[in-house]
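Listed below are the structures to be examined.
Next come two complexes built around chain A: one with chain B, the other with chain C.
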Partner chain A sequence: MATTRILEWLGRLYIVLLLGFLYLPIIIMTAMSFNASPFYQLPFEWTTDWYASLWQNDQLIAATWNSIEIAIITTLISTVLGSMASLALYRYDFRGKKVLQALLFPPIAIPWLITGTAMLIFFFGVGIGRGLVAILLGHVALALPYVIVVVSARLQTFAPELEEAARSLGANQWQVTMRVTLPWIMPGVIAGGLFAFAVSFDQFVVSYFLSTPGQTTLPVEIYAAIRKGFTPEINAVSTIIIVVSMALMLLTARFFKFGGEK
Partner chain B sequence: MAGVQVANVSRSFGAHRALDDVSIDFADGGFYALLGPSGSGKTTLLRQIAGFDFPDAGSIAIGGESVERVPVEKRRIGMVFQNYALFPNMSVADNVAFGLSVRGEPKATIAMEVQRALDLVQLGKLGGRRPHQLSGGQRQRVALARAIVTKPRVLLLDEPLGALDKALRVDMQIELKRIQREIGITTIFVTHDQEEALTMSDRIGILRDGRLVQEGSPEEIYDRPQSEFAATFLGDANIFRGDATGSGIKLPDGTTIAASTGASVPAGAKASCAVRPERIRISPGAAKPDQATANTLTGQISKRIFAGNNSTYFVDRDGQTLKVIVQNTGAERLAEGQPVVLNWSPDSTVLIAAELGEPRGQISGMLSRKITCSRGW
Partner chain C sequence: MADQLAIGSRRGLKPALPLLLPAYLWLTVAIFLPLSAMVFFSFMTDLPLAGKEWSFTLGNYAAFFSQSLYSTLLLSSLRLGLEVTLWCVVIGYPAAYVLAKVLKGRSREAIFLLVILPFWSNGLVRIFSWAMVLREGGILDTALNAVLPFKINIDLMYSYPAVIIGLVHSYVPYMVLTCYLTLQAIDDSLIEAGRSLGASRRQVLWRVIIPLSMPGLIAGAALIFVPVVGSFMEPRILGGRTGTFYGTVIEDQFVAVFNWPLGAALSFILLAVVLIILALAAPVLRRAA
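Up next, the complex of A and B:
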């Protein structure tokens, strides 16, 4: 009895330590974004000045909007292209299909540093150079495999007779896709889209390689700001990002649970 | 609504000949069963008629219009799938409405037709449910309503009752038959269940290894099978093999079997005879009665299975086990190990010309003759 109790207690302690390890830095940062002292001095004095001054920081605001814009466009493009690619891989057999499918996975594993370098060289080679367009193209390329993997996984649970049934009722290929197949894979498409958004919005390495001083994204701008000198404004903007990211992850979790339902 | 003509259709998948020169005429308004073991090509044939797959050779016509290169969505057919294939993201009513909706019918028409179809399958009140909230039998009905609401020219059913339990299956057989009669639609249904084929259809086509073995009414095929396969696949049959005598066959041991139905086989050729177990009379006795001529055999009961309304006797005779089914009339029952005399009428004996395992050419030659002879039904 006693040992069971001790084990139970240790287990709880472990969970507390684990959560502390994960969340303490974030909690401290969030707290500091509301602390008056710019040098992390205690006692804690409540203020929202840093959020107010963040509002005055045009560079940071511009970078934030760039990030949001790029993330949304990346999500739209990679979700549409990725879902179409998944459908094609699901429906058709063609030469080199296996090779193509196998080639989808390595980009996920290749370090972003290397991908970023390669993209920089490539974009200069083809004349696109650096800037927001280059960042957008880079993000779409990074996000595509994630979307294809997630949507394809969902398609594995699709019953092909449903498409046949729809066709036997007179539906053409477009109607079959829009009214039968797409509704079924929608949870996968949304989850893939959230992945794409996260890959783009959180992207630092590749964005860093492809940005120019005027055309940059939020993570790159934060990094630049920290190098110039740390201000609690960074805490403020980071807190906002954390809130947005966590909301997205919770949404993703919800849609993945959706995927498990019948 | 329309008849379906399948003429000389062949289809191969790689080296496998799934359909080999199959011709069947499905008359308008008929209820037709395609019966065969798995791998016999019955589903492949149904998919050719549906238009999911196209034949390598041969032609398919629906209502006199050649369709063998027309894709399924343009064929105006209705199909019920083995696992129902209801759209999980739609309500029952939306499932049924699908075919009308993709055609762009006005909303009011759709609502009216859907309700009529649901009423026909006795699910009028369940339109708002989701497929996963329905029982197997109800899903089956929804699938049927969805297939017929578009007023297709022909209704195709792929083992539609396969997933239902026995009691429900019998209910659905009756129900399906009622609905088919009510709307008078040409119906082709695939099954491996011989009882289902016998009880439901006007005509049966038996397939084996991609070929049509025999085609006819249930009574015709049961009473006059043209091959050992047809005789044993549709119902039970005792098969005797020997040499044709002109009016029957002579078994290797000299016993003669007289047959007054079936093929005419020239004397001396190899032939077989099929006798249904319920047509054989069984009586106790060790030796043949003196006056007995043909169709009398002796044997010993090796096993008896009592099934309430009837008993099945397995009778051993000269290395062969014969099956005899006797109705429970209250008469004296025979015991296992007892010597018996078996006797049956030549009218109950079917002479079969071509034995199974003979070269393909001969059988298909025989079949094509049969098909050209058969009139419309």
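Up next, the complex of A and C:
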């Protein structure tokens, strides 16, 4: 029994080490974003100058607004379209349903490098070209499968008798959907929407191939800045992004569990 | 009667179409048509834009097979994928085991969330954060020199190990997640039964636990290997000059050299490799599902 105890403590210690590995660079980046030396020299001197100078960087601010706008529109479109598709896949049985469900995986499983370059070629070929519209088209397509998977998982917990009961009491299809089904799957829809927002807001690869100098998103702008050379401003904006996306995921986890999912 | 009760089994594609069409049309326009267009372009000599002359050719694929540069880079990308996947197994599996079998209740939930949380933050930014740790005069250098009695120079930045460290950091949560899900499903009484029948800890591990959690390991490996083989941003930022891989060459064709047809051919070859790997992993995963 003593060995078991020791092994368990070693296991706990190991988890602590893993968490250290996972969080160390993030913590250091955050600390350095408040350090006065632009070359990350120690000793540490507190400053918020880098955050202040972010406000002067028009390019970065424009890219941030683009990112936020695209993420919000992506969330709205993919949540509505994705929830509709999930409902159809749940309610109806038809030939080819398995194929439709399988088709959701290529956007998730194929490396973004391939999807992104393919989109670039196609959008160029049909005249959409590069820019914010192309980026939005791409982001919605990447987010849709996540929304459908999450909403479908929530629908699995729905009792179809409820819809039947509402219908037998005289509700029409629209009323049944809006008053019975939708309220039940709402936690799933919200979780799916948060996923979609995160997929879009953090997306780099696809945006990178689809952006042009004037029409770009925040991660693309950051990549360009990193390749030009390290600037402490990038630390500051990166810290903000990390905090925002982690907060978003904590929120998602809350809703997802709210829905009784794992 | 059962048909009327179970709404999940109402028949017919027709009523489902209006709900399905928007989503699947979008996926067609933004995913499936582009992928087909990529295949088409990979057989062209030039872009059919602005009145440029073009014709069909196998030249882009011939370039891959005749110039050893591309196949060498594909091999080094596959090797990178393999190494990163192995490190993720070595680091992630024990963590998943502790999470699933040692920790209980609230602390398990909280730590599980902590492990997968970074995974959902921006990958580019996390890779960038390693630059500060790994460079000469960076945190690792400073910290080690403060502790050690002799002077050493740690400058891992722009090296192969830096790329490995960054990628393992990015993808290890995947492995923890998939292995945790299968390990958690293993009934503890199976492990106890093995022990009480005289098996050592090691025997139980190799004969009971690892075989039963194989689907999680395979799923995690596929989820890590595939994107790593196609990675280009991580080697660029952390690898510098040593960071030339298959993915960075594809990136170059599209953003620097502007040889899109060659880029399309190289992308399509990568897609074929990816599909073969997923097909190999699929039977194991299906058996688990």
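Throughout what follows, the second predicted complex is superposed on the first by the 252 of 262 C-alpha atoms of A that agree within 3 Å, B and C clash if a C-alpha of one lies under 4 Å from a C-alpha of the other, contacts with A are read in each partner's own complex, and residues count from 1 in each chain.
Just so it is clear, contacts are C-beta pairs under 8 Å (C-beta built on N, C-alpha and C of every residue); 3 or more make two chains touch, one makes a residue touch a chain.
Worth saying up front: this structure is predicted, and the values here are computed from it rather than measured.
Contacts of A:46 after superposition on the shared chain: neither chain B nor chain C is touched. Judged by the touch definition given at the top, the superposed model places A:175 against chain B, while chain C stays out of reach.
Of the two partner chains, chain C is the only one that A:25 touches; chain B does not reach it. Of the two partner chains placed by the overlay, only chain C lies in contact with A:198; chain B stays clear of it. When the two complexes are overlaid on their common chain A, residue A:117 makes contact with chain C while staying clear of chain B.
Look at A:184: by the touch rule set out above, it reaches chain B but stays clear of chain C. Applying the stated contact rule after C-alpha superposition, one finds that A:165 touches chain B and leaves chain C untouched.
Taking chain A as the reference chain, the count of touched residues is higher for C when chain B and chain C are set side by side. In the superposition on chain A, the residues of chain A contacted by chain B and by chain C overlap at 161, 164. By the touch rule above, chain A contacts chain B in their complex via residues 159, 161-162, 164-172, 175, 179-180, 183-184, 262. Across the interface of their complex, chain A is touched by residues 4-13, 15-17, 19-20, 22-24, 26-27, 29-35, 37-38, 41, 47-49, 91, 94-95, 97-99, 102-103, 111, 113-115, 117-118, 120-126, 128-133, 137-139, 142, 169, 172-173, 226-227, 229-233, 236-237, 247, 250-251, 254-255, 260, 263-264, 267, 270-271, 274, 278 of chain C. Contact residues of chain A toward chain C in the complex are 8, 11-12, 14-15, 18-19, 21-26, 28-29, 32, 39-42, 77, 81-82, 84-85, 87-96, 100, 103-104, 106-107, 109-115, 117-125, 137-138, 140-141, 144-145, 148, 160-161, 163-164, 198, 202, 204-205, 208-209, 219, 222-223, 226-227, 230, 234-235, 238, 241-242, 245-246, 248-250, 253. Interface of chain B with chain A (complex): residues 50, 52, 71-74, 76-79, 81, 83, 85-89, 98-99, 102-103, 132, 146-147, 150, 156.
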